[in-house]
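Here chain A shows up in two complexes: once beside chain B, once beside chain C.
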Partner chain A sequence: MAKITENTRNEVRETVFSFFAEECETDKSQINDNTSIIKDLDGDSLMFLELIEIFKKKYNLDIELKTIGKYAVKHPVETIGQLIEMQLLIIEHENRLLELDK
Partner chain B sequence: MPLKVIVSGMGIVSSLGYELDTFWKNLVEGKSGVKQITLFDASSCATRIAAEVPRDFEEFSRTLVKKRASGQMTRVTRMCLVAAKQAVSLSGLDFEKEDKTRCSVIMGVVNTGNSSVEKDTSLQNTVFKSMTNSMPAWISLEYQLQGPNFSINTACASSAYAISMGMQMIRNGIADIVIAGGADSIINPEEINGFNALYALSVANDTPEAASRPFTSKRDGFVIGEGAGVVILESEEHAIKRNATIYGELAGSALTSEGYNIMAPMKDGEGMSATMEKAIKDAGIEKDDVDYINAHGTSTELNDRYETLAIKRVFGEKAYQIPVSSSKSMIGHTIGAAGAIESIITLLSLRNSILTPTINYTDPDPDLDLDYVPNTSRPKEIEVALSNSFGFGGHNATLVFRKYHGKV
Partner chain C sequence: MAEDKPAFVFPAFISDYREDPSRNIPAFNEIFQSYLNTAAACTDEKLLAFHAVSNPLIEDELLNQYLSYIYGCSCARVLLNKGVNPGMTAGYSMGIYAALFIAGSISFETGLLLIQKAYEAIRKTLPHTHYGMCGVIGLSENDIGEIVLNSNLNLMIVNRNSEYSFILAGDSFHINVFVLKASEEGALHARSFGVTIPYHTNLLEEAASEFSKTVFTADVHSPRIPLISVLNQVRIDDIVLVRAEVVKNIHTPFNWLATQQQMYALGISHFTECGPSLALYKNSKFISGSGKFVKWDSLFK
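Moving on, here comes the complex of A and B:
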């Protein structure tokens, strides 16, 4: 279990904002925690997977996609803020993510 | 009486331009889009020439296709979406004012061009780039359309089939609007080596612009082209209601299968003539009404011979008075896109009263003695024109277009 420091939080936030700004051709200043990924940015579900791959490599995570899938069904992500929180939970709990629901 | 189907928009991406005006101007001037292949190193291929879409298309496409979506498409799929967006733009359609459940997309797709030539293919976009339904899917996504949405593969007749099926859907009351057409590129080493093994391609590498020479004695196979063509089909009633510009009428069509050979057309063009006969009947016109034929005209030995024989069988002595030209002499054979691109050329010929030429017509084949509109375009008022498409596997299509004079 990794400890989420302020530094990690800032890194994840910066990565997510940059990723969406680049992929959706939007100015980073136009994105905030309440921005809807689909409605406001015209994003898609594949972007979530791409970000997971980025963080898996960056933090050397032991996490299976099916674990994330099961968790996401119960905790759907619609906004940038929710996505950042989900990524932080994945980094913190890796394959033990589902234990959070017990 | 079936609903009259009209064309209210057209979009094109080809070696001679990706804007309708430029494309038409180049055709009328008899220019060739055939050059040495630049998409990959073709030095080891027997055929090293093709009619490629200009490189600056990629920059142009960025103005119409979002980066995120673009990364999930092949270059060919982008061509299709760009042609569709141009067609929709020309039509003046605002889909927010339409019943989207009655707006359909049908594309002729032989393959998506996800070959070794395609750039930036990752594991995560491989499936999207390869899906043969991706072209109609991206178009429907662009406008959130909810009517029937599918692709058709009948080789070189694919997009003519798509247009014909679109017409049927409007006639039968299934759709008000159909975005129909197709896109294709087989300019990659795998396809070129494959077609070379069938002796189907021209190997006139030293004279690319003169390599595609349909109906001549020097023809030595087709030249591969690439591109996209998309038309907007509507019922006449629907188009008039929204005050649309009508570019021509799709008066009829015929789709047939030869059940004969996987590659060669039926002997003496019997299947081709049967298709033209059926299309003329479907359009409710007389043979004497036909003023022009935009031929399949591939520049292969058999197609050009049999298509000529087929035209003679259908029209008899009148065949000698009907101008017949091959657009493939200028833009090569665009395979799955050919039917749609050549439909657009036919519609523009009707609208502008100019017949585009068969260029490189320098050595007539004595057996092929029709009027092939040799080398230079020809001003001519025409009312009715046929567009032929014939594909490997015996898939035949003839579309009948008529000049539109307003509601009678």
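Moving on, here comes the complex of A and C:
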């Protein structure tokens, strides 16, 4: 289980903001924690998948996509802030993510 | 080798025009309108009601195919007029007709005829319209196989977009069950396409046979630029192969992942998606290789 430091939190935040700014061709300053991924940024599941792959490589994560999918069904993500929190949980718990619901 | 020319790739259907960049490109609109007029005269005058924003024709499977073809041909033509020549081409599923057109293998009108006759053959030979297709993202091929097997679903994988993105086709009820099961099993996305034709399945073998009567009498030429088969990734370089590909494309599964990788291997370093959305562009991020996608409208900025 990885320990989430302030540094990790900042890195994840910066990666998510930069990713959506580039993908959605919008200024980073227009994105905040309350920004709706679908309504405001027209985001989609392929973007979500791409972001997961970025974090899997960056933090060498051992987690199956379907584990994230099962977690996301119970904990839907709508905003950038929620997405950042989910990514932090993925980094922290990897394939044991679903144990959080037990 | 394809020097440093782009590959023009053509999507199958248009699901929306939200990302359509063409409205800001007058040269495109002129060509599109010209092709639209021709298509309306040759096939169905309802096409003249096309409007990218209100989009009244997108639900009709045949009109949608015509529009996708018209859009793809217009996009490629405006790029050619700009001096951008493709080094290779491929059509995703029914995008084959626009790929054949831009390769010089068929005329614009012959493309319309093939779309029409394929659709008529399918409607004539399929016993009902209770069929469908769906896309699933985030599950492996094994995961999908297990869902299909365990739920006793009469479906087949008809395309692999990437390691974790697939298209399935078959009975529409089974499609709906699959979409629910896939979500339960952790798919990041699973969605029925709302179509009634199970393209690329053996359910269309009889239709393909009927369609072949048109294909084998149609005015077809050898492609002038390399055309890559999405079915087996070979280069289609003569009339016999063109005709065979068009017929098989109806009822045979394809592999977009392998097709794009083959184009990388043949020296393609960049791709242009000739369509109003960015579906192939987005999917390409999950295909390893040294190439990249360039948005077609970027040449007009």
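By definition in this document, the second predicted complex is superposed on the first by the 102 of 102 C-alpha atoms of A that agree within 3 Å, B and C clash if a C-alpha of one lies under 4 Å from a C-alpha of the other, contacts with A are read in each partner's own complex, and residues count from 1 in each chain.
In the analysis below, a contact is a pair of C-beta atoms (placed from the backbone, for glycine too) under 8 Å apart; a residue touches a chain by one contact, two chains touch by 3 or more.
The model shown is predicted, which means the values in this text are computed figures rather than measured ones.
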| item | value |
| --- | --- |
| Chain C versus chain B on the shared chain A, clash or fit after superposition | clash |
| Partner chain in contact with A:D33 - chain B first, chain C second, else both or neither | neither |
| First, second, both or neither for A:K66, with chain B first and chain C second | second |
| Chain B versus chain C as contact partner of A:D42, first or second or both or neither | both |
| First, second, both or neither for A:E50, with chain B first and chain C second | both |
| Which superposed partner A:E25 touches (first chain B, second chain C, both, neither) | first |
| First, second, both or neither for A:E14, with chain B first and chain C second | neither |
| Of chain B and chain C, the chain that contacts the larger number of chain A residues | C |
| Which of chain B and chain C A:E78 touches, first, second, both or neither | neither |
| Steric overlap of chain B with chain C in the superposed model, located at which of 27-35, 279-287, 333-341 or 369-377 | 333-341 |
| Common interface positions of chain A, toward chain B and toward chain C | 42, 44, 46-47, 49-50 |
| Contact set on chain A toward chain B in their complex | 23-25, 42-44, 46-47, 49-50 |
| Chain C-facing residues of chain A, complex | 42, 44-50, 53, 64-70, 72-73 |
| List of chain B residues in touch with chain A within their complex | 66-68, 72, 124 |
| Complex interface listing, chain C residues touching chain A | 18, 137-140, 143, 164-165, 183-189, 282-283, 285-286 |
